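What follows is chain A paired twice: with chain B in the first complex and chain C in the second.
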Partner chain A sequence: MLIHDLFLPLPLVVLPTGTMLLLLSITWHRSATRSFSLALLTLLLTLAFTHHRLTTFLHGGTTFFTEDLWADYTAALILLSSLCILGLSWRNIARDTDQPPDEYPLLLLLGTLGAVTMVFSTNYMSFFLGLEILSLSLTGLVAFRHHHIPAASEAAMKYLILSGFSSAILLFGIGLAYTATGSLHFAPPDPANNAIPGLPLAATIMILTGIFFKLSAVPFHMWMPDVMEGASVPVAAFIAIVPKIAVFSALIRYFGTGDLPPFLHGTLSAIIILTILGGNLLALRQTNLTRLLACSSIAHVGYLLMAFYSPGLIQSGAVAIYLIAYTTATLGAFAVISALATQEGTDGTNIADWKGQFTKHPLLASAMSLMLLSLAGIPPGIGFFAKFEIAATGVEHQRNLLLAVLVTGSIIGLYYYLNIIRVMLSPASFSSQTDNRRNNPELTALVFVLAIIVVVGGIFPAWLIRPVLPASASVNTAPPPDTTQETDSRTLPP
Partner chain B sequence: MTPLPALVLLPVLGGAIAWLADRSRTRPEQPPPVAWLITLITLILETALLLAETFRQSPDPGPWLDHFSRPWIPPLGIDVRLDMDGLSLSLLWLTLILSLPCVLLATRQIRTRPGLFHFLFLATISGVTGTFLATDLFLFFFFWELMLVPMFVLILIWGHEDRHRAAMKFFLFTQGSGLLLLLSILGLAITHFRETGFLTFNYFTLAATPLSPALSMVLMLGFFIPFAVKLPVIPVHVWLPDAHTQAPTAASVLLAGILLKTGGYGMIRFNIMLFPEAAAHFAPVALSLGVAGILYGAWMSCQQNDIKRLIAYSSISHLGFVLTGIFSGSQAGMQGAIIQMLAHGLSTGALFLIAGSLQDRMHTRDMTRIGGLWATMPRLSGAGVFFAVASLGMPGLGNFAGEFLVLFATWRVSPPLAILAATGLVLAAIYALKLVNGIFLAPAAPAPSPTKDVPTPQIAILGSLMIFLVILGLYPRPFIAASAPSPPSVVTGKGEPNHAHP
Partner chain C sequence: MPVMILFAASLTVIGAVMVITRRIAVHAVLWLVVTFLALACVFTLLGAPFAAALEVIIYAGAIMVLFIFVIMMIGPAQPESDREKEWLRPRAWLGPAILATLLCGELLFGLRATPHTGTPAPITPRDVGLSLFGPCVMMVELASFLLLAGLVTAFHIGRHRPETP
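Showing the complex of A and B:
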């Protein structure tokens, strides 16, 4: 093994080390607080080392990992989201007295490790390893719910089976790609110079299918609402955000930012249309807030894929800002749900229970409305600008059909987001008992910070538009600016 | 230092202060509520600013009165760019002239969360002001969308019995059609980018984009549809009667008086000015839609028993004249449309104020249950009759001047359409007189009549609106001259408007 095979971005050193330490500390003495602090510390350290690497990167060699602005950017987003989710789950961890839930922070760290591995990988092997680490720890996380064991186990089983199925397809695709090219480099096999012309094509399609499964693009989306509903609220937030960012990052890494292979155009358009319309139409009928956010996240994947499908001048900024917009608004919505969860019984995900929240908790309800409006793409939220950019990529390529779908989907989306606001504004029914909400200032603070990011990002989006995408081979223009460290810290306010 | 950004920001900042002040008060207070006072002060300050702006020496010769520009999102060539011409100035005055009576007459008795109400009210005014001033297309779209949210919440919380449906309908129609506007703006900007190689959303630069006739038509339609929804033009008017009827009084006045005018403003500023040829090709369709709107609105208005619904449908009819005038292709028609927009804002706004105060007193909007108010409330009835008569197009009042100019311009294009439009005036007489008869003159109805008339100061406020209408009707010439829209084509060779260098 050559030395450049060992090229390692520092996050991939810090994160596993932290995980090992956490494992050791659990074997030594079980304590929820200590595990939580260790996980927190590890995530913070990893975030601090996001832009650093262990050895110098050699271009041209076969390596497992790479490190560029795109990887740093998505890794930082993943780490920040994991941090927020750890904060969301803190109360649940601390309250669970019958059984110290040390495994929860451990699984969360492992899931994050898997996602970060995917982001940095340039090799089928490392990519698949990351994906599997993420999927397996997610199964554990979903089932991690002492008080709702049947529902949680059902969701976890569903996820395990479907995730295994899609991994199998993906692995088969990878095998075919290896047969076609003889290399494990993470790039689509070229159908032009190959003995068996069908082979690279089949490989690409299968790999793409596996990726779409993980991204929950329609028609591979069925697991998403069920699994999110079965999981606890913080885990649902994790499923909605972290795997999506990681898989999307890998998707861009795989195909690059140049023009896509022509045989994919038709398939991709069909998938985008189905995903946007399917996600939005499904969301229309939901009465459970988690399920609704799951469906809306399907639709948002459709919008993101639209940016992926339209390489060009605007694409980089659009992807960068859309990822931030989606992450902050979704996290914010889940943070409000957690903050409003009542002491006993339901976790407050039934939409009908949200009646009268504006009178009971005006600030949190306003924050929730802001998040939902941002998801719907209405100013002054950051989602407005994000949708503007997505539409710009479509207009740049004159994808008229997709734009029509975007408009239709947005109008449908507007309806169900507004419907939640309408419910929150309507007077509370008399049956709802007095407010027995837990007082959790840290969640309120988190909601507040996210709301500020959403508004400030919406009004001054200029500093979020950065060339974060890897430069494509065909349009190999100027390398990313050297001020990346500064860019990164400004792009992601902690 | 130009006051244009201050004009946009002042209302929303004042609203935020009003909200905070209202939140920080400790006990229920005697009226007038503190939020109301702050709102009033904000609007007076805004009026002072606008006065200063009106009499300020224009920094450079040319039709554009004032200019402000700062970079906003440089990677995409988006600026905070505000420009004012006569059209924006007159619509800004209309906004203020209507919102002051609104605050004085209608918002004082808001009891549930007055702070939030006034914040949303002022935020809407900020959005409208921004829409009238923005000359960066992205900024225009930003304001266009921004003003919907506060209006949606206003209808949703303080509206009448069927407010939820009305608010959703309003938002879905206007925001959904707004997405078409977004696509057209992007289409225009990206076409310009392809031609010249630099990305900008500057109105003046984009006006010079060479477009093929087909593309120009598509983009023109993309701009037309959202404005048509807002104006409203008949196939897409269905949100209007519900929203106007269900909104609280102040929001109804804002909706009918000002928000609808953003549609007309957009058509003049963008459809006619950016795509003159395509607009001329499209004119026959637009004229027919306008005349159809005049007749349909008037006909539906005659069928209504709900006071606010009757006024709402009459708005559709009046704004049909605006659409017809804008697309008549002549100077006279454009002038008529602008005068009609101003006069309709004043007369309909006042009618909604009167309907609101009637509803506050009688707790019903059903004309069959109200009657004979002339005996008990002579002053309010007198004002009501005046504005109803103004609405039917009585010569000597502003609406007549506008409608006459529009009919005159339409006659030169197509006499049959002009005759049909004139028929709308007959129907207008029917519904206006039905309103007058039903409420003020008919024998006393079962609903308990209030014993007290409105106090003199309130009538004085309505009286000032009457004076504006009379001046607009008797001597419209200075208004016509002052409110003319300026063309964007004052462009020098470098693609920058020559007034952009103060």
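Showing the complex of A and C:
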């Protein structure tokens, strides 16, 4: 066995091992319970090993992975979200006797593996492989919806084609970047010292296009509501959370936390404005809760990009708390939808179905309101401080236009978030209490834990505002370190 | 040499366009072979004979056989002989055949004429193998997981289900 100059974060060892064990156990005996517990165990073990790495020797050789606080932080967030989503989907899958549900945990593990790979990667090759593992397993997950096979297949097909197209653009950009620099190191090519001046620009723009598509920033957002509507509720939560964290983490890894290349400023401002306004305006007229949350997640990507666009002292803390706030509140909303769906026997995604929930299920309805208020950025929830920090990064750089857009977007957001609470408060149209309450303690517990995180994080936000981003000194701040890094990586075999 | 590269590259594009515009799957596959051969020519003329050989052996060879096999298996609506007669009309296969012959000649010429002197030594299969089992071993593993994800997804979507309303 040749283990020389390997540098591996341990999650990338534990997670594939668990996936292979799961596959073996499926070939031996198909049982939903066993697959679920194996997947759960794998995710927990991976989470435990997040801070560790396996390294034999580290010289200037080709590095595919890195391991620092930022990677650990986002990987832990991804793993925790996957754990929650596994918990959400348990009822859905266990009820389904038509089809063997073993593939669901397998695909979920594979998707998580792709996301974690992206988080740790410092090389185009590992980044792209991670991205594709994530996209392909997402396609399978989207199609995994019993009783709604045509809708789910349509959504999966849409996702497959659009994601393949965007991957092609991304790959073209990576090829151009390789042409420009001769290295697969995960950093934007420097336009200053290049033979063909347009090449690095084109490469960066194409790579950004691919990344923005996966993030569903506004000119490339069309797939998001459709795909999330077609998928089942836990998978919709997965789409809204895990790929976004992973791609955003890779975006920060790519550009670093220093100043962005000057030619990107205009583009980024335009995309942020479009994303915030577009996401919020799209959400206004939605009657489907999943579509509404999809549009709101587009808007939240806009806020996150604003933090990305404003490097500085506050940026790190802002990104840290915003990721947590977005993840917990979105997960919480989807957990309430799942809990309600199993209790009512409906899908739970039609907003009109939520009438009178405050009288029927007061606890769940309060939790839902808390999550929505946090997403809207109202003080008891963690979302207030998150949005406050985002605004602070904008103020630090005096980006007045973007701040105005942020405020406008938040006001529009208030309307549709509060509208759901209004619907839940209004009396139910029919009082035929179909009292077939099934107990689902794991969903209630999950909602409870997420609600506690949202409240406690909102009261003591200082615990969560931590410098997690990679230090800006190492990544393209000034030409001299950049060029040394470049020559360093240029000598390596690709 | 640049003329030949441009010729092969333009054939790649033409072949790819023909692939997605053909109505019958077998004809599309014929054009796909042309596309792969043209791509292999581009690789050879750019000085990457190993990549070109892989392109021909794996894509134009193994994967195409698989495609044709699958196409033959699917959709036995008409009698076999009629279908094959319809698939193999001369005007369907003549174009790809001529182009493929041309490209094969170009490929042979390129392999013969590639100068093996100069500082960047050509990458041999040994180098590739050492790199795959050395520093890139994790990439190989990830690529296999990518294939696994694709396989499970395709299996799940393509599985025969009883029609339920």
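Note that in this section the second predicted complex is superposed on the first by the 450 of 494 C-alpha atoms of A that agree within 3 Å, B and C clash if a C-alpha of one lies under 4 Å from a C-alpha of the other, contacts with A are read in each partner's own complex, and residues count from 1 in each chain.
The rule is short, and it goes like this: a contact is a pair of C-beta atoms (placed from the backbone, for glycine too) under 8 Å apart; a residue touches a chain by one contact, two chains touch by 3 or more.
Because the structure is predicted, anything quoted here is derived from the model rather than measured.
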- Could you tell me if A:132 is touching chain B, chain C, both of them or neither one (first, second, both, neither)? second
- Query: Of the two partner chains, chain B (first) and chain C (second), which one does A:462 touch, if any: first, second, both, or neither?
  - Reply: first
- Task: Quick one: classify A:407 as touching chain B (first), chain C (second), both or neither.
- Result: first
- Task: For A:384, decide between first (touching chain B), second (touching chain C), both and neither.
- Result: first
- Message: For A:149 in the superposed arrangement: first (chain B), second (chain C), both or neither?
- Response: second
- Figure out whether A:16 sits in contact with chain B (first) or chain C (second), or with both, or with neither. second
- If you stack the two complexes on chain A, which partner ends up touching A:396: first (chain B), second (chain C), both, or neither? first
- Task: Check the contacts made with chain A and report whether chain B or chain C touches more of its residues.
- Result: C
- Flag every residue of chain B that touches chain A in the complex, lowest number first. 72-76, 138, 141-142, 145-146, 148-149, 152-153, 156-157, 164, 167-168, 171-172, 175-176, 179-180, 182-183, 186-187, 190, 199
- Note on the structure: So, in the complex, the side of chain C touching chain A is made of residues 131, 133-139, 141-143, 145-146, 148-150, 152-153, 155-157, 159, 161, 164
- Item | Residue numbers on chain A that touch chain B, as the complex places them | 313-314, 317, 373, 378-380, 384, 388, 391-392, 395-396, 403, 406-407, 410-411, 414-415, 418-419, 421-422, 425-426, 460-462, 465
- Task: Spell out the residues on chain A that touch chain C in their complex, using ranges where they run on.
- Result: 2, 4-6, 8, 12, 16, 19, 23, 61-62, 64-65, 98-99, 103, 106-107, 110-111, 113-114, 117, 125-126, 129-130, 132-133, 136-137, 139-140, 143-144, 147, 149, 153, 156, 493
